[in-house]
Structures are given as structure tokens and as C-alpha cells.
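Worksheet: the structure to be examined is printed underneath.
Chain naming follows the written order as A, B, C, D and E, and within any one chain the residues start at number 1.
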Amino acid sequence: METITSIKPLLAVLVSLCVVPLLMSSRSPNVREAWTFVAASAKFLIVASMLPVVFNGFEIVYTVAEVIPGVAIKFRVDALGMLFALVSSSLWIVTSVYSIGYMRGLKEHSQTRYFCFFALALSATIGVAFSANLLTLYLFYEMLSFATYPLVTHHQDEEARSSGRKYLLYIVGTSIGFVLPAMLISYNLSGTLEFSRQGFLAGTGSRGLTGVLLVLIVFGFAKAAIMPFHSWLPAAMVAPTPVSALLHAVAVVKVGVFSVVRVLTGVFGINLLISFDFGPFIIFVASATILVGSFIALSQDNLKRLLAFSTIAQLSYIVLGVGLLSPQGMTGGMVHIAMHAFGKITLFFCAGAIFVATGKRNISEMIGIGRRMPVTMTAFFIASLSITGLPPCGGFISKWYLVLGSLQAHQMPVLFVLLVSSLLNAAYFMPIVYKAFFCTPQEAMFEKGVKEAPAFCVVPLVITALISMVLLFYPQPFFGLADMMVKSITGG
Amino acid sequence: MSQHYPALLVIVPLLSAFLISAAGWLNKRLCFPIAVAALSVACFSSVLLLFQVLDEKVVLYKLGGWSPPWGIAYSVDYLNGLVLVVVSVVALLNLIATQRNVEQEFSEKIGAFYTLYILFVTGLLGIVVTGDAFNLYVLLEIASLTGYGLIAMGENRAPLATLNYLYMGTIGASFYLLGIGYLYIVTGSLNMADISAILPSLYHSKTVLAAFVICIVGVWLKMAFFPLHAWLPNAYTYAPSAVSSLIAPLMTKVIIYVMIRLMLTVFTPKYIFSTLNVSDSIVWIAVIAIVMGAILALGQRNLKKMLAYIIVAEVGYMVGGAWLGNRAGMTGAILHIANDALMTLCVFLVVGNIVYKVKGYAFEDLKGLFRKMPFTMGAFVVGAMSIIGVPPTCGFFSKWYLISGAIQAGHYGFMVALLFSSLVNVILFFRVIEISYYEPFENHHGQESHPGKIAEAPLTMLVPLLIVAAGLVVVGVYTGDIVNHIIEFAIPKGIV
Amino acid sequence: MRMIALIIIVLSGGLLLYATQDFPQWADPASPASLHLSPHYIQKSMEETSVPNLVTAVLADYRGFDTMFETTVIFCAGVACFMLLRISRQTPEDRYYRHISTGVTIHIKDGGKIPDKSKEFERIDTMWTPFDLVIKTVCRFLIPFIQLFALYVIAHGHHSPGGGFQGGVILGASIILLAISHNLRTATKRMNEKLIGLLCVTGVFIYAGTGALCLLIGLNFLDYSALASVLFLDPVSARSFGILIVEIGVGIAVMATMIWIYNNVSSAGKYDEGL
Amino acid sequence: MSDLIPFIVAKYNYWIYITLMMIGLYAMIAKNNLVKKIVGMNIFQTAIILFYVSIGAKKGATIPIIEHAHGDAHGAVSHTIEIAHYINPLPHVLMLTAIVVSVATLGVALALAIKVYNRHKTLEEDEIIDQIKGI
Amino acid sequence: MIWQLDLAILTLVVVCAIAAISVKDLLGSAILFGAYSFMMCLLWAIMGAVDVAFTEASVGAGVSTVFFVAAVFRSTRRTKD
């Protein structure tokens, strides 16, 4: 594959970093929001401008500095990175609009700080997407952890602080405790950290050592919320909803699974995983997370916590897809990054909109709310269909490919897992929709005059819900990118 | 003039220290400008010297015109070229940054203070630049004596802490002297290069073994390596803030340089790593040092003492790295001398700014500081990131080499200790950040303030601090160049 | 603590004893220490520096750089003592005065009126010692001779044991003797604090300045032969003269520092009452 | 007996220096009084000086001052200088420096001790620590 | 050099050192330390280190002792050990 040297990936990362001083110095909220919006659009345009290049089969490379012999801070845009960058940068625009509505609607404090760290977090996300080696990925991964800490603890009360502590402990603890040694051991084994199509660890270590590295990596990227290291995610739901939406449904968790996928394909390499027969281990871990996550979600009353557990389960679909080690499974997993992102962000937006409009957080208090906020709840319905994996939504495609992949890999238990989890998804989403639309509201629960949230809140969620639907019929950029990636790593 | 850089480096600060002392009696306002000028010259010549080293590999300067084994010679190679730059830059930045603190805390004895300050720096520069084992002892004593004088000017408990430091420091320096005596009795020489040339025939001598043990123990005492660290936390905590931000970054690092110099140049790597079979156990002691330093830091309720215990752990990093016996570990140790000096400077300057504004450094005094002093605390976060080891700050890269060294040596205990200490650092620093970020500002010291209003330290304090904080990232990004062009040549070929 | 101390000293003593086994015989002329460097000093120093006292030659020339820092160490100690102890603000305390002509002592309590400076009253120390004519007279008689000897020691360091350091200490000791036999105020009247501080600096500055002068003339730092062009001498004699100059510097610095430390320590920084 | 004396003499200086040094070290670690510790510190340092001077000793040699007739001090030494005739001057030079360092350290240490005394009105370390803990 | 003298003084030095650290009076300790220094100075003179002996006589036995006495006067003679 040919490479082009261009500064664009660096620009894409820097554009939101550069806006931070502007945000800090701007006094009026309008100026601040304008800057955020400008930066978000600029970032999306830069990312989108690279899309045709990637589709034409080129890779864009940019080296910043060689920090350690053989390892540089380096960007490389390939299909997988492009897919992820496209998702997150496009969603940033939507989320900025939504943030404006949400933050203003609730008259939140410290909005400057909020927007600054938001921009920082986005830089880090794009950095992870475009990183060309494990060190760069780790750099931006850590940057993301620290940039999101102030967002998680935005409310500054005791609950936020303890959640913040938990968040840092899990995320930073695993990255320093697991990923860092794994990275160093692999560097010392192979002398490089550059992601390659075959995986740079191929043929360097014994099965035992590679297995240890695999465990360290899979659990080390705790942002992927694989089971024993998942409990930061529900805790982090204390953050304002746009944060939860973008970061905990899209950026942070997706960075986690993206890293896992990247490392599995670029560091270990599919062939190595197949030859050492590590697929079942990944599948087992992912399946366990899917099932347990879904079951826990069933029993939640707080809507955001429910969504959090649903996220935990859905993330493991992606890992599961790659763990199948079959082309179609991997395609399904990668496409699910996009599909889940659009669906889940809609759900979070809805939860936020309900909170802005009514101040309610719990499902039991939302009976009959569909009549008051029909647009919001319709969007909610569409998105939950997408997450469950039913047509007419994008989620159907990814789930379909996962099913195909499991058949291709002859993993019948996976089929069962997918089936059960889809049922569970339906079981926790549908009652909410049902109660919202078809049960009579207990008037006492709402103060009079509940209506739709401000337009800044509603428009974004309508847009993302529509995109979720459109993706079924026109999955092209995402599906094409995932397909390209899978072809390039399997050599097909 | 270019051939005189090694001398100028030491002589200019020395002479200006005398000028400052005289100015202290005649016109106090001259003290600070003279000090700045002197250290700028030292800084400038150390940088030029480093470039000269890059060209010529070794710069030799014969003092008094006598050739080395008979006279004293300065020899500057890649290793001390790097450390010289670090020492002079840190000293200069700290001098400028703490001017206000000094005025606040030493209004009457400004002349004496700056004299001791400059002499301390002279001592450290002399230690680093010299190629003579005995000359090193004399300069070590200069640095120590001035250090005692400076530290003891702190708050109530400072004199006792200093006295304990003095006892330990004197034992350490005397042990070093004794070890040099043991080397002298068998080699008859005091010049480092000369000793190492004579030593190979004496590898199995008991005297050389004893000399080695005594020297190393002495140096460990001075650098506060774990079981011998008892003096450090109190001394650094109770010192005046302008002093702790000078001594904490420099003293231990320079002594670690001395240890590495002893290992590489005097006793030669072959003796250290092949003839003696101790490196493994020393790395284990370092592991204990790191773990204990981290645990003890967890128990502290004030910022300075917490940082002091972190220094104890960092000393463990460098000693362990140096003793791993491979190139990566040694690179990590040398790199960490530079990096740790910078990041310790950063956090201690923050403490200085806080003390200047809030008059305290216990955890309760830090409440609400993020609102009050956003830039200072921003720099603190960068320093904290570097100590934790988050890329792209420089602390990450030295940790990288240290862990690489541990893996190559198969010493997984050391790796685990480093990771453990990083994790503990996360807890330590985020506890501080949490307090200063969430708790509302409380006024303990009866000084006018409005919560939520920015009351930053003056610009002369803030600008150097921000330079240091930015430097942490810049040095981190340029790690590759530093390693490839300097440290790579500083380590003898014998170490792989 | 005692047990720990015993364990430590047994361990380190054992190590040191163990190492003595390999030592060369005591006073063995063939030991490495006597063979490697010292022959050069013994044979060459006379023709290279023209100083018969080998110790002085090595001290001030071959290893002159060490000696410069040795003087600096002393200077550091002086400044450090000053920094640590000196208290400039006096708190009023009880004072004692003696009426000179009658010998009557008066005790002025806190806040009482202090007699004007006059010839009738003389201030005496709180730790009252009887007026002793013998000691005062003998000391007054001895001090000039001590100082003369000290100057001899400094100047004759080239040819006999002694040199700047020893001479300086003796000079300092003579002033300390004055302070002990009379009182601190008498001594500080002769040499006030500012003078001491400046002398201290001057001493070390003479040493380092000589070195810097050599550097400015164009040779290496402390290469006294550079002074040949200034002193109109041959390089070897210039070295000898250079050594004399720096010895004088050392002498001044050491003298002043010894007095300085004594003044600070004995009066706990108040410069009020000494021993 | 005749064998024993040379044996003792051969290393006696070194043994004594070790003994002195251990006395000093013991005082520094075990003594409770700050000034006693300083005394120990000085004994410790002088022991090292004794060690160095012992290195310099040379049998059958005299003090390191070259005999010469006054007047030819300009380097024109007529007679050859026997190396075995003079004691090694180098350790002496080093020890002059060490003595100076020890007296400088002593000055600073005493100043510190006085400062501690002024604050706590005692020189016993345990009493001071009790005071600090009590406050 | 007379080795008998050497031995005798070496022994005396040790005695003085032990006395200096064990006497229960700081002033006594200071004076004993002066005696110790002077013995040391003799020893070095015997070994031919005249300059060192000279220095030790003026510094160790002279000025150091004065410093000690001054410090003891400014603080206290009392000691528990």
C-alpha cells in the first residue's frame, strides 16, 4: 500500500488543541460556543478531506519526532483509523450543538472549563485514531484519560469526586499497570512498536509470553470496559449528559475498543492469534461481558446507568467480532463501532433532553412521557431498535455480519450469545418505550407545562436518529472502510 | 577563550560569590543582579561546553598547567557535559523564580543568602566537572556546607533537621574520602582516569573491594538511598521554599551522577558488573527503596514532605537503573538525572509560589488554589504528569528506558516496583489536585482574599515556572535526540 | 539505638579490618602510594616551583585548585555561621557596668537607663568574672608576639613547616585570645564585623583572583608562571611568588573567618557578650 | 616475640585508626547529646586523617622539606634528590584540606547546635523530639 | 621514627577518644577532645607529617577547642550520656 506524507493528521489533532487558549480567553459564552463550533467543523472537514485518499488505497503518514530509537510520535491514517475518526469528529459537531442547549438549559457552572477539556478530549480521540504505533496510541490514550477527568467530576460534589477517583483508578491503573509493561515487553521482543498488517509480534515470542501480553492488552485498555474492569463506566455517568453521550458512548469507550482492535490486528496480527489459537479466549471474555452486562442492565432504574450497562455489553460485540478472527466477523465488529456510536449517542441525548425538560433521571418516573415529548421519544425508539439490531436501523448490518462471521468461524455458541443478548436488549429497551407512549402519565409526577427540550437539544438527537436509520440503506463510508481494513489485514 | 570554558564554568560563579558577599556589606541591591549574571555566564559556558564535547568527545582542562596525574584536571565528556547543563539551567531558573521568596524570607541577610546560593551551585558544578577524586570531595563539602547553611534558615524544626543532615552528610562524605584513601593506598593515584587505568591488575584485591563498598555507601548516604534516607524528608520539608526548590532538584541528582561516575570511570564497568556479583542485590534494595518511598509518601499530610518522599523513591529509580548493568537501564538512569531535576524543580517551584501566596503547604492550605492560582496549578499538573510518567512529558521516557532495562535484565521485580510507584504517584497527585480543585478556598492566615478571584504569584515567579513546565514536554519530545547524540556516547562500549 | 550502633560499627569495622590484610606494609618505601605520584613531586618540585617545602609546593601549586576550594570551604563556614546565628535586632536585657575608678559594679535591669558612653563606666559581661590585671596584661604583652610569629609562619611557609593556613589560624587565635582575655566588645572594636566580612572575602578573592589573572594573561587558571610577565621574573620564580601571594590570601581569609565564627558562636549571634 | 613486634607495628596504625573511627561512629549514632555527636564526628574525621598520614609514612625518610643551601632557591639544585629520602608529601596536602574541612564543619555544626538549644533549651535529642511531639 | 613512642601515643589517643565521648560533662568532653587532638598532633609529628601536625596543633587543639568551649558556654554543660 502506498503512503503519502502529509501534515493533515497532525492538523486534525491540533485543531481542537489550538482552540483551547481561545476558549479560555473568551469571556462571553457566544464567542466560546462559536469557537467550539468552528473547531468541530474544521476538524470534521480535515478528516473528511482525507477520506477520498484513503478510499483510493493510500495511507497518510506524518512523523513528529523520534523519541526512542525506532519509535517515533507518528501518525498514520488507514481505513480503520479513518472510520473511527470520521465517527468521532462528525459526532463532535452534533454534540457541540447539543452541549450548548444542555449547558445553557441547566445553567451549568464552569462552562469554559467544560468546553476546554471537551476539545482536549477530542484531540486525544483523533490522536488515538490516527496513531501509527503503540507509543503514540498510548500517549493519546493517557491524554484522554486525564482530559476527561475534569469532565467526569464536573459537578464537584462528593459523588462526582468519588466517581472521578474510581474512574482514574480503573483507567490509569490499568493503563500503567498492564498496557505499559505489555508495550515495553513487546518493544523489547521485537524492537519496534509500529502497527503492521501482519502484527509486529509475529514470530517473536513463545505462546505463553504472547498469551500474557494478550491478557495484559485486553484488560489493560480498561476503557473498553471488558468485564472485571467495567465498573468505572456506570460510575462515570455522574457527568453531564453530553459528556456521557460523546465520551462514554463514543469517544472514551470507543477509544478503548478501538485500541483493543488496533492492537489485536496491528500488534499481534490475525495470523498469530489464529496460530496460537487465542480466538476462543477473546470470544469467551467478550461473550461473558455481553451477557452479564445485559442482565445487569435489565435491573437498572436510572436511565443513564441502564445505558451505561448497555454500552458495556455492546462494546464487547466489537471485541467479539475481532475475536472471531473471520473476515465477516471482523467487518461486523468494526462497522459496529459506527453503528453503535450513532445509536447510543441518540439514546444519551434523549436521556439528557428528558433531564433538561423534566429533571427526571429514573425510568419509573418517565411513564407517559412520550405524549409530552413525542419527538424525543420517537428518536429514542429508533435508536433502541438500532442497538437491538433490528431493521430499519444501522445496527442490523453489524449484527448481521457478526452472525455471518460466527457461522464462518464455526462458533455456534457465539450465535447463541448474540441471540440471547438481542432478546435482552429488547427486554430492557422496549418497556421504556412502551410505558412512555402507552401508559397514562401520572400527572402528579410532572409539573405542568412539560414540553420538548430546547431546540439545541432536540435537533441533534433527531439528526443522529435519522443517521442511524440512513446507515442501514447507505452504510457506505463506514462499511467500505471496515471492508478495506479487513481485506488488508487478512490479505484477501 | 573557548578552551577555558571548563574553568569559567566554576570560576565565574566562585568569583561572583565573593563579589556578592562584599556587596552584601556595601550595597544589598547589587546581590541579585550579580548572581543572575554569574549563573547566566555559567549556563552559557556549560551549553557551549556541551557543544564542544559533541565535537571533541572529551575536553580536558589542566588547572595550574600541570598534567593530570600530578595536577588536577577537569575532564568533560558526554556524561558530565549533560549534567552540567542541567545543573546550571536549573540553578539559574530557580534563582530568578525565587527572587520574591528570598526577599520575603531573608530580607536582612540577602548578601549571605546569595553568597551561599552561588557557592552551592559552584560546588555542584565543580563536582560534576572535575576529573580528580579528591577534588570532588572538597567540592562536595562546599556544596554540603552551604546546603546546611541554607536549609537551616527554614522554619522552626529546620535547625534540628539540618543537624541530622549534617551528621549523616559528614559520615557520607568521610566515607567517600576514606574510600578514595583506600584506592590511593593501592594505586597511588587520585586522578579518576589514572585510577581506572591502574585498577585492572588489582581487581581481586580486598582493598579495592573495601574501597568500593565504602565509597558507594558514602555516596548512598549523601543521596538518601532508602535505608539511609532518614535525613532527607525533614531537611527538605523545613527548608525555606527558595532553598528546597534549589537543593531538592540538584543535590541528590548530582550525587547520583557521582555514583555513576564512580561506577563507569573509576571502578570501571568490568569490575562493577563482572568481577563483583552484587548488582542484582543492589537492584533489589532499589526496589525496596522505591516501594517504601511510595508508601511513606502516601502517609504524608503535607505537600512538601510528600514530594520529599517521592524524591526518595526517585533515587531508587536511578540507583536501580544504573545497577541493572545494561545499556537501557544506564540510559534511563542518566536521562532520569536530567528529567528528575527538571520535574522536581517544577513541583518545588509550585510549592514556592503557594508558600509565597498562602503561607503554608499543608494539604488544608491548598484548598481552592486552582481558582486562585490557575497557572501555578497548571504547571503543577504538568509536573505531576511527568512524575507519574505520562507521555509526552519527559518523565515517561526515562521510565521507559528504566523499565526496558529491567526487562532486558530479566529483573521483573524492578519493573513492578516502577509501575507500582507510578500508580502510587497517580493517587498522591490526584489527591492533591482534588483538594485544590474542589474544596473552596479557606483563609487560614488572615490575609485579604476573595474566593474565586485570581490571585496569581508575580510574573517573575510565574514565567520561570511556566518555562520549566513547558520544558518538561519539550525535553520529552526531544528525548530521542538527547539519547542518540549524548547519552549513547556517555556509556562505555563495554555495557551492552 | 545502642544495639544498632554496635551492629553497624562491628560490620563496618570488620570490613575495614578485612581490607587491611591487603595493605602494603606500614611505612613501606615500595608501596604504590610512594611510587606512583610522589617521586615526581619530590624530584621535580624544586626545579619546577623552586619551593623547598614539598607540602607547600604541592598544596599551593600542583594541587592549588584544591586549596582554593579549601579556603572557600572555610569562607562558606563563616558565611553559614553568620547566616545561622547573627541576630541584628537586640532585645534589651540586663546589663552590668563597672565604675572604672572605684571598681563598683552596677546592675541595670530591663528598661533601666543605660549610662552614656563615657570614660567613667565600662560595660562588663553578665557572666561576671573578676577584673584580672595579670591575665589582661600578659595577654596584651603576648598578642603582638603571637601575631609576629603568625606572619613568620605565613611568609616562611616556603622553607619550613607552615604556610597561609597555619599562620592565618594563629593570627585569628591572637584576636580570639584578645576577646577571651578582655571581652568580645574590645575585640570587635579592633575588628568590627564589616571589616571581618570584607577581609574574609578579600582573602579568598586574592587567591581566586590570582588564578583568574593567570587566565586573563593567557595561560590556564592558576598557572602562576603566567605572572612572569607581570612580575618581570622567570616562570619558575613567578610560581614561587604566586604561591606566596595565594598563601597571603589564605592567611587573611582564614584569620578573618576564624574570628568571625568565634564571634558568632561565642555570643550566639548577638555580638554582645563573648566567653 | 621478635616476630610479633614487627607484625604489630606493621599494621598497628591501621588498627588504631579503625578503632578511633568506630569510636567516632558509635558516638555519632548512639549518643543522645547533640554536642557529643559533634565530638564523635570530629574523632571520626581525625581517624581518617590518621589513616591518610599513615599511608604517607615512609621508613628511613625524613620530613618533606628539601635540604638546600639558602641562596640557590631558583631551581638550580646542584645535588640530586633521593626519592627514598623524603616522605610522600601528597597525603599531607590532602589532609591539610581535610582538617580545614573538618573545622569548617565543626563551626557550622556548633552554630546549628546553639540554634537548636536556643529554641528548645536542651541539647538532648530525645527531649527535643518529645517537645516537638508534645506541641 | 621510634615505634615504641608511636605505639604509646596511639594507645593514649584511643584512651582520650573514649574519655571524650563518655565523660558526663560537655565542657570536660571539649577539653578532652583538645587533649585528643594534641596527642594526634604529636603522633603525626612523629610520623614526619610536620605540616599536618602544625595545622592540627593550631586548628584541632587550638581553635576547635575554643569553638567547643564557646558553644558549650552558649548552651549548656549538661548531658545525659
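Basically, contacts are C-beta pairs under 8 Å (C-beta built on N, C-alpha and C of every residue); 3 or more make two chains touch, one makes a residue touch a chain.
As the structure is a computational prediction, the values presented were derived from the model and not from experiment.
Participant: Note the connected groups of chains, using the touch definition above, after excluding subunit E.
Facilitator: one piece
Participant: Using the touch definition from the top, how many steps at minimum link subunit B to subunit C?
Facilitator: Tracing touching chains, the least step count from subunit B to subunit C comes to 1.
Participant: Could you name all chains that are in contact with subunit A and with subunit B at the same time?
Facilitator: In this structure, no chain contacts subunit B and also subunit A.
Participant: Would you identify the chain whose Cα-based centre sits farthest away from the centre of subunit D?
Facilitator: A
Participant: Which chain has its C-alpha centroid at the greatest distance from the C-alpha centroid of subunit C?
Facilitator: It is A.
Participant: Is the number of contacting C-beta pairs greater for B-D or for C-D?
Facilitator: Looking at contacts between chains, C-D has the larger number.
Participant: Distance between subunit C and subunit D based on Cα centroids, please, to the nearest Å.
Facilitator: That pair's centroid distance is 17 Å.
Participant: Hey, how far is the Cα centre of subunit A from the one of subunit D, in Å?
Facilitator: 71
Participant: From the mean C-alpha coordinate of subunit A to that of subunit C, what's the distance rounded to whole Å?
Facilitator: 75
Participant: Give, as an integer number of Å, the spacing between the C-alpha centres of subunit E and subunit C.
Facilitator: 19
Participant: I need the residues of subunit E touching at least two other chains; which ones are they?
Facilitator: 1, 50-51, 55, 59, 63, 67, 70-71, 74
Participant: Hey, what residues on subunit C touch two or more of the other chains?
Facilitator: If we look for residues of subunit C contacting two or more partner chains, we find 16, 23, 27, 31, 33-34, 37-38, 41, 53, 55, 59, 63, 66, 70, 73, 76-77, 80-81, 84, 161, 165, 261, 265, 268.
Participant: Would you pick out the residues of subunit A that each touch at least 2 other chains?
Facilitator: Subunit A, residues with two or more chain partners: not present.
Participant: Which chains touch, pair by pair?
Facilitator: Pairs satisfying the touch definition: A-B, B-C, B-D, C-D, C-E, D-E.
Participant: Within their complex, state which residues of subunit D touch subunit B.
Facilitator: Touch list, subunit D to subunit B: 21, 25, 28, 34, 37, 41, 44-45, 48, 51-52, 55, 90-91, 94, 97-98, 101, 104-105, 108-109, 112-113, 115-116, 119-120, 128, 132.
Participant: Quick one: in the complex, what on subunit C touches subunit B?
Facilitator: 15-16, 18-19, 21-24, 31-38, 40-41, 61-66, 69-70, 72-73, 75-77, 79-84, 86, 88, 194, 197-198, 200-201, 204-205, 208-209, 211-212, 215, 219-225
Participant: Which of the residues in subunit B come into contact with subunit D in the complex?
Facilitator: 134, 138, 141, 145, 148-149, 152, 156-157, 159-160, 162-163, 166-167, 170-171, 174, 177-178, 181, 184-185, 190
Participant: Give the list of subunit B residues in touch with subunit C in this complex.
Facilitator: It comes out as residues 4, 7, 11, 14-15, 18, 21-22, 24-25, 61-66, 69-72, 108-109, 112-113, 115-116, 119, 122, 126, 132, 134-135, 138-139, 141-142, 145-146, 148-150, 152-153, 159, 182, 184-190, 198, 205-207, 209-211, 213-214.
Participant: Enumerate the contact residues on subunit A facing subunit B in the complex.
Facilitator: So the residues of subunit A touching subunit B come out as 64-69, 72-73, 135, 138-139, 142-143, 146, 149-150, 153, 156, 161, 164-165, 168-169, 172-173, 176-177, 180-181, 184-185, 187-188.
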